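Presented sequentially are two complexes of chain A, the first with chain B as partner and the second with chain C.
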Partner chain A sequence: MPIRPLLLLAAAALAAPALAAGPLQVTSQVMVEAKQRAADGTTRIALVPAQRVVPGDRVVFTLAYRNTGTQPLADLVFDNPVPRGVAYRAPAPNSPAPELSVDGRRYGTLAQLGAAGPDAVTHVRWRLARPLAPGASGTFAFHAVLK
Partner chain B sequence: MFVKRTIALLLAGVAAAALGSGAAQAQTPAAQLTTAGTRIDNTASVTYSVNGTSQSIQSTTASFVVDKKVNFTVVTAQTGPTVVNLGDQNVVTTFQVTNLTNDVQDFLLDPDQQNLSLGLFPGSDNFDVTSLRAYVDSNGNGRYDAGVDTQTYIDELLPDASATVFVVGNVPTQAGAKYAYNSLHVIAAAGGQANSQGAILIGTDLNLAGADNIVDIVFADDDSDGALLGDIARNGQGRAYSGWHVAVNNVALSVTKSARVLEDGLGSANPKAIPGATVEYCLLVRNATLTTGANGVTLADVIPGHTTYVPGSISIGTPGALGVCNVNGSTEDDDDNDGTETDGYTAAFDGLAKKVTVNLASVGGGGSVAASFKVKID
Partner chain C sequence: MTRRGTGWWGMIGAALVAATPAPAATPAGTTIANTAQLTLVAAGAAPVTLDSNTVTIAVDALVEAAIAADVPTAPVATAPQPLAFTVANPGNAATVYRLGAAADRDGVTVATIAADTDGDGRYDPATDRPVSTVTLAPGAQQRIFVLASGALAPGAAITATAVADTPAAATVGATGGRASATVRLVDAATPAARLDKAQSVAAPGGGARAVAGAIVTYTLTARFARDCAAAEVSDAVPDGMRFMPGSIMLDDQPLADAGRLDGTTVRIALGDMPAGAVRQIRFNAIIL
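Entry: the complex of A and B
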């Protein structure tokens, strides 16, 4: 009988990382560029939730992060594999440029990687140089095109 | 930079529309487009350290479902109108439909007569073919095969694949018929079920938010006929035009009649036209127009006075040489019941009017047929 609670505890410990209940919350979001007609007749490009996306559409993937703990978090590395069917294009405005990789191992700029163009990018990565203070937050984002 | 790019894309779109349906557009092949219904998931993995201890987590997953970008072209796959003759059956104009959608599609075919002269050909539309139909080139040989190419809609066309479509009709025997314009109206329909005609696609209302987890239908097809009014952009439909041209309304048909005394009843080597002699009349019909046959050719000849028709003497066949009227001639009966005559030619002798009637059915382009009959001089 005393074994059973132990087993349950072990199961809970294993499940904990998957729940992302730790001090760092990272939310991924995807938006799509849509032409919207304003009341004055002009057309502007707005970002809307990715409900209608067809090949050729430009989408924006966003990672929003926040330290909800009480300790500073150091050595933060955000590694985002580019989803299949999507071609990396550029960092979003107001977002730091990510390091790029064409194999998931070596990171750098396209020129450093010897890549012909952004289509070859398979992973993007951001690293925070300084520890993330408790309560601090930020976003990274990149533009991509649905193939 | 993004603004510039968008403008460039818009300009490219306008240029393509102005060039019309036949212009190939530089665009990603449809087979390389992400298939409609594909779910795109984005998840980042994050590592960090707390007081020197490494930790890792996954971000939440952002996802969406790729929607259906319906695009296709329909073009005329022939130069100029199809040249036909009056009375021709199963005449064809040829079109090609190419699926540029990121999914398998059915396409419904709707052939139309065009009564407006579209200026595509030198002449105006002045007749309609009958029994207008549209069929897919099922066996893919580029030719319409009656009874074989019977599919009336394009079934399960893969991205980037093309199907040849025939618009088929019968040319009426209408005097003066010159040009008949037609068009093929193509409507995108749902694919996914082989050997079943899909329902016509209805574009998801662009003013309503599409749901994340269903495949919206977004029309991306161009105006397939440019300045003409048969199609508009982004409607999931397309139209291309063609037509038929009756180039020859008449043929150079000639009939030459000659007579030859076969025998004079006296056994002469060189028989003379004396009472009791048998004379063969030969009617040689020539069609000097090489490209066009003459249909329904009928000859009528009243035998001369003072002669008597030799019963059962009508013979029709290939013209002979050296005075012989015809060789391999078929003997026709004299009655006007044509049911017993099965060689394609029919003939009759009217004893009251003393008239020989010969029906040659058709004389092919550049062809000739000879008919003969005999009389006895009274």
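Entry: the complex of A and C
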């Protein structure tokens, strides 16, 4: 059928702009650790949305993602440059550990990069080993401290 | 034989403890934005890179205070005696610090505080004017002089205090926005440390004659009048004598020779010594 390749071509052309708003939904969020005193006198650390912070505050950067489309998405890579004024500390509990970079080009562990400590980290990256099925979702998160 | 007489072969090397300023924090008012980049491949399409939403956080003012005495002890001098302190702003916003000073005994007054306006580290009444506050940018520091008058005597302690003005919107950090530091006055004639050396001779078969084969025990006593950092005692074994291995004692505890013998010189690192510390080193040498 001569019409079919034509349709495919149209679909491919539409796919790129549609992706920005479409099949992959990603929400970036920053939370700050706040000490909250409970009625029993104990102090708990709660995560509250961070709008205003001061140096020394511990913050958690979270990337939540979901495939809202009808096709699997392959080779998903999440690259988060660590913002200026923020020092990377560690993966958040319940999040896979990211690959780290001190220059945005080479990724690995701190030891592999020959970095003295987490202060040197400039980028964190997560790669999904398998295609993300339609409807599937997950989160990545890391702890950092305000310089 | 003069080579066996009591002499000043020993030396003490010491450095005074210095304060180091803290690194500057992210300035108040900074906006920190975070955007992640995503790369993905949809079936049948080329790889696509897109940005996540951008989240921003605003950095608020954090008020901290720091002050350090330029030296922990100062020999008594003529009143008014300037005592140097350095006020620093470890916070992230320009902050006004109210300065205060107090002495720990009656008769010593500390009414005046002057800023080291020209930053030369010396009090000069013509240029270093009295102040009650200093305003410091984040990460900045300013030396001040507390002018001590009255009956200045060894043992007196003068404390300088810096209290940060706290705007209503600011967060006060771990220091509570308040810091103080103390300088203690010491006897002007007292050097930072002194080292005394004594010897005793044990001749073969008894007696104290300095003959070949006699063993000389050297006793070095180091006394520290002020806090001293990285103190080291060294003493060269005289010509015509040989150090006896395994004979080094520090405060009556044996010390290994390794790392403490530099040719024919015995070298003992004592580390940081507080004011008032006394250390006694002993070692033996045999007369050849």
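Just so we're on the same page, the second predicted complex is superposed on the first by the 127 of 147 C-alpha atoms of A that agree within 3 Å, B and C clash if a C-alpha of one lies under 4 Å from a C-alpha of the other, contacts with A are read in each partner's own complex, and residues count from 1 in each chain.
Here, contacts are C-beta pairs under 8 Å (C-beta built on N, C-alpha and C of every residue); 3 or more make two chains touch, one makes a residue touch a chain.
Bear in mind that the values here come from a model prediction, so they are computed numbers and not experimental data.
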Next item on the list: Return first, second, both or neither, reflecting whether A:Ile45 touches chain B, chain C, both chains, or no partner chain.
Entry: first
Check: Which of the two partners, first being chain B and second being chain C, lies in contact with A:Val86: first, second, both, or neither?
Finding: both
Check: Touch check for A:Gly135: first (chain B), second (chain C), both, or neither?
Finding: neither
Checklist line | First, second, both or neither for A:Val54, with chain B first and chain C second | finding: both
Note to self: After the superposition on A, what does A:Phe78 contact: first (chain B), second (chain C), both or neither?
What the structure shows: both
Next item on the list: Using the superposition on chain A described above, determine whether A:Val26 touches chain B (first), chain C (second), both, or neither.
Entry: both
Next item on the list: Pick out the shared contact residues on chain A: the ones touching chain B in one complex and chain C in the other.
Entry: 20, 23-24, 26-30, 32, 50-56, 59, 61, 63, 65, 69, 71-81, 83-86, 132, 146-147
Margin query: Using the touch definition from the top, list the residues of chain A that touch chain B in their complex.
Written below: 17-18, 20, 22-24, 26-30, 32, 45, 49-56, 59, 61-63, 65, 69, 71-81, 83-86, 132, 143, 146-147
Next item on the list: Quick one: which bits of chain A touch chain C in the complex? Just the residue numbers, please.
Entry: 8, 11-12, 15-16, 19-20, 23-24, 26-30, 32, 50-56, 59, 61, 63, 65, 69, 71-81, 83-86, 132, 146-147
Checklist line | Contact set on chain C toward chain A in their complex | finding: 25-26, 28, 30, 32-48, 50, 52-55, 57-62, 91-92, 171, 173-174
Note to self: With touch defined as at the start, can you tell me which chain B residues reach chain A in the complex?
What the structure shows: 2-3, 6, 28, 32-34, 36, 38, 40-51, 54-69, 102, 204, 206, 209-212, 216, 218, 220
